[in-house]
Each structure stands twice: as structure tokens, then as C-alpha cells.
Amino acid sequence: MSNPGYLIIGGGGHAAALAEILIKQNKPLLGVVAPDILAGHAIFDTVQHYLQDDDVLAFSVDKVLLVNGIGAMPRQTLREKVYTRFIELGYTFATVIADSALVSDYAVLAKGAQIMNNAVINIGSEIGENTIINTSVSVDHDCKIGAHCHLAPGTTLSGQVKVESNVHIATGSGIINNVTIGCNTIIGVGANVTKSIPKYSIAYGARSIIKGLGE
Amino acid sequence: MSNPGYLIIGGGGHAAALAEILIKQNKPLLGVVAPDILAGHAIFDTVQHYLQDDDVLAFSVDKVLLVNGIGAMPRQTLREKVYTRFIELGYTFATVIADSALVSDYAVLAKGAQIMNNAVINIGSEIGENTIINTSVSVDHDCKIGAHCHLAPGTTLSGQVKVESNVHIATGSGIINNVTIGCNTIIGVGANVTKSIPKYSIAYGARSIIKGLGE
Amino acid sequence: MSNPGYLIIGGGGHAAALAEILIKQNKPLLGVVAPDILAGHAIFDTVQHYLQDDDVLAFSVDKVLLVNGIGAMPRQTLREKVYTRFIELGYTFATVIADSALVSDYAVLAKGAQIMNNAVINIGSEIGENTIINTSVSVDHDCKIGAHCHLAPGTTLSGQVKVESNVHIATGSGIINNVTIGCNTIIGVGANVTKSIPKYSIAYGARSIIKGLGE
């Protein structure tokens, strides 16, 4: 595709973060597609606003790259549904890599993978389609991450971790080397993962204890 | 203020880290104000040393930017007291952003905010006055951090977290999106925060278990 | 040593990550020494392959810098044994600093220290010989790290932490300021360390709870 324009689907914080990454790279933004612009900042003020997903259909599949700006939350499927719908219609989703991210020359990113600010993807790792590697995430050498995953901000994978598809790894979790996280599994906030986790599971760490200090 | 000089208050490790950030940016250092230079390294060797806080008063309020080099520890108020005293006397505290930090063009930093090495402040976030965003901290989109807070090294905030004033978030903690941390609260080392925490509280994770291995 | 060549010992993921760092810096790679190239990627395809450690002896001590590509795992001594053997034979191990790492001008790195991608070493800190500061590790001001240590990916040390020799700090651990970790100690995955830990100990956090979600 020569000189494609970019069309962001979604109007929340993840969409805004993607917009800033793309604008810094001088990518032409054709518009943002969302019923509402939820993020309170000004980045979308000068971008054409489309209200409905069907507005995408006015763009030719060979002139636009879609950007999936819908955030990924555990057990919510909207992000994947939107991705699958437009793939089936022949559209292509952009692979987005923030300038501040570090991606090895020997890593492989699938279509629609999004590597956000300050993230690291080390040598030999593979990131699946429509997967978000969020802010300040560290993926070490030879990890294989499946499709439709979300590695939330500040998570760390040591080397040779395998993450199957549709996995959500929540904020600040750490995963030791050489383990496998089965598909459709949720790793909770700050969970310390020291062994493989079966598919369709949740693994969570100790919840914090809360006490009053007196005013 | 045209061509201001910088005057660092404090002589410990936080002051030294700020000094290195400012020197790399070719900011003119007028001096360091501290009874003792506690940090063992040489960065202050060629900087004028003043012994007492009152030595600040010899500098005109319109020719100097103060830099609060006093570290922030839970329940210690010296850092805030020094800040408030000199604000009331008409001085201005510099906003410091390390070259290695990444701050969104759509983030807002108050006077005296300090963004240390390798920290990230994403789109739509706001950082209050005299607050430290320490080394390798990740603050995601649309967070609102109040005044006089300390986000210690390696902490992660997901999107849309609200942190009120005078909050200490200790090393390596992770906070999920969309929660509020009340004022004067302490989040302990590595605590995993999955819901809002009231003001004047402490939230702490499981302490580590320690066992001997035999020599 | 003028215009030394680099010889990497080890053929796994850590060796590959080091190779990519050195190649980006245009360092001449003389070869990789390993019985097998375990990492599945192509970076070693154009590098001379030597099968035995004794092949190192064909290189003059004043024309080669060795790079210890053997990964560090708890209670495994191969990495240290290889290092010690070749030091005793008069060889020198390269200090490796990734371009994406940030090392203070006032930090001190011993021979053979390896500072991997996106790591930070702040002012006044010292890193011992043959120690790995792995991906996205944050070492704050005035820390002293001994020889033969491994700070695994995503670990955070606040200021003035002392780590003695042969310590393994596993993925995602956080250590508060002003504590000491005794020699030969293991800090487990994601452990939160709030006080000093004796030598020859293990400190580990809560293991995650795993539950099925139903398919």
C-alpha cells in the first residue's frame, strides 16, 4: 500500500495514545471513528470525527490502514470483534511501534500489533496480531505472544515465555522464563508467575491489606 | 524569567540525581544548599556549596529557579515544608524533566514537578506541584497526580488513575486503571492496587518469606 | 587494547541479546563459542562458530575481549566458572552497555558487567564484575552491586541498596532504599523487599492463586 492514510477506531485513552504515536511519526490521520471522544484532551480536535463503525466502509481497503484504538480489558471482546470484522472485509490493521519503544531487528510483529511507549521487545520474540504491548512492558528474548493479547503497563516477561492467544496480563505482573500461559487466561495485577498456567484460568497475587492511618 | 540560574536545595542522592539531569541540559547551577553533601560522588565538587536554607534569600526571586533536592519519604514533611516556605517568599521551583524521560505533549506538569530518568507520562496526564515521578515510573494516559506526591522507582499506573495530594507510592507498586488513591495515603512496596484506597490509609502487599539456604 | 575483536561464549538467548547489542555498536565479532546455538534466530548465522571453550585459547589475550553469554540462573555456577577460568588465563571480559541503557557518568562498572536494553544505572552506583543488569532493570542512586550477580528483567532497586556478590534477584522484584542483600542470596520472582536479607537466604513473595474460569 503506497501512502496509506490511518483511521483510528475508538475514542478513549488508548486511541489517544496511539494517535500521539502516529502524529509524531508524521503519519496522515484520516479520522477517528467513535460514537464519543471520551479522552479529555485535545489531540482529536483537528482530526475528522466519524460516529459509526460503518463509516469505515467509505474508505477503500487499499488506501487505508486501520488502527484498533479500542482498549483491551479482561473478558471484553469488543476489541477482537472489531478487528475480525474489518479483517474479513479485506481491511489491513497497521502495526504501530512507538518511537520510544525498542524492538529487536530479530523480532517479528504481526499485523495490528501495537508496541506502546518505552516497551522493549527483545531478540527472537514474536508478537501476534491485534496484541497490545503496553507502556513500559519488557518482553525478553525468544518469547512468543499470541493474537488478541494485552500485556498491560509495566509487565515483565523473562526469556522464552510462551503466551497463547486472548491472554490478559494485568499491570505490573512478572513472569519467569520458560513458562507457558494458556489461551484465554487472565494474569492478575502484580501476579508473580513462576510456573505454567493452564488455559481459561485466572492467576492472581495477594491482594493488598488496607489500614487507616488516622488523620 | 530570562536566563535563570538553578539552586539545588538538599545534598543527598535525590539532589545529586537532579544535578546530573540539569548539567546534561546545560542549565547553570548557582549552588547546592545543604548542611552536608551526603552523596559520596563528585558531582557537587565544582558547585558552590551553601550551608543554610537562609542562604537562598541572597538570591533575587526573579533570577533563580529553586530545585527541591530533598528526597520524599513516607510521613516526612521536610520536603513539603521547604517547598512551601520558599513559594510563600515568592520563589519559583523549576519543573525538571530528564532527557531520558518521555512526557506527552498533551500532559500537564505543575511547577516543581520532577520527572526522573526513564519515566513515562502519557497523554492527558497531569502531575501536581512538588511531586516526584521517580526513575522508571510509568504513568499511563489520563492520570491525575496531586501535589507533594512521590511515585518511587519502578511504579506503574495504568490509565485514568487519580492520586490525590501527599501520597507516597513505594518501589515497584502497580495500580490498575480507573481507581482513586486518597490524600495522605501510603502504598507499600510492590503493593498491587485493584480498587480505590481511602485517604489517610496504608495499603501494603504480602511481605516476603525469608529462609536460610545453608552455606 | 587497540581494536580488539569480541568473542561471545554461549549460544542461548542471553548470548544472542549481547550479540545484537554489540553488532549495533559496530563491534567486530570474532565468533561465538558454544557446543550448540540454542537460540532459534539468525543473528549467529554469519558469525564464526567454535564448538569448545578451549577454542578461546587460539586467541591472544591482548587482541580479544571475551563476552560472557552464559545466562545466570539461581544456584548455577557455570557462568562464574567460565569467567574465572579465562580471567586466570589473562583474558579480559568486555563491559557491555546497550545503546538503549542509561548509565550515569558518575556510575562505575567493573570489567565484564553487562547492562542490557532499557536498563538504568543512576548516579553514584557501582556494578561488580561479571554481573548482569538485565532488560528494563532500574538501579537508583548510590547502589553497590557485587560481582557475579544477576538482576533479572524488570527488577527495581531504590537508592543506596547494597547487594553483595553472587546474588540472584528474579523477575520483577522491588527493593526499598537503604537495605543490604547478603551474598549468595536469592530474591524470588516479584518479591517485595523492605528490609535487609541475610546471606545464603531466599526471600520470596506470595505465589499466585490459580483458578479455572470455565471454557
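The chains carry the letters A, B and C, assigned in the order they are written, with residues numbered from 1 in each.
The rule is simple: a residue touches a chain if its C-beta (ideal position, glycine included) is under 8 Å from a C-beta of that chain, and two chains touch if they have at least 3 such contacts.
It should be emphasised that the depicted structure is a prediction, and the values quoted were computed from it without experimental measurement.
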Copies chain B and chain C - rotation angle from C-alpha fit, nearest 5 degrees: 120
Interface residue overlap between copies chain A and chain B, same or different (over half shared): different
Distance from chain B to chain A - Cα centre to Cα centre, in angstrom: 29
Residues of chain A engaged with two or more neighbouring chains: 118, 136, 154, 172-173, 188, 190-191, 205-206
Footprint of chain A on chain C - complex, ascending: 13-14, 16-17, 20, 39-43, 71, 100, 117-118, 134-136, 152-154, 170-173, 188-191, 205-215
Residues of chain C touching chain B in the complex: 102, 104-106, 118, 120, 122-124, 136, 138, 140-142, 156-160, 172-177, 184-188, 190-194, 197-206
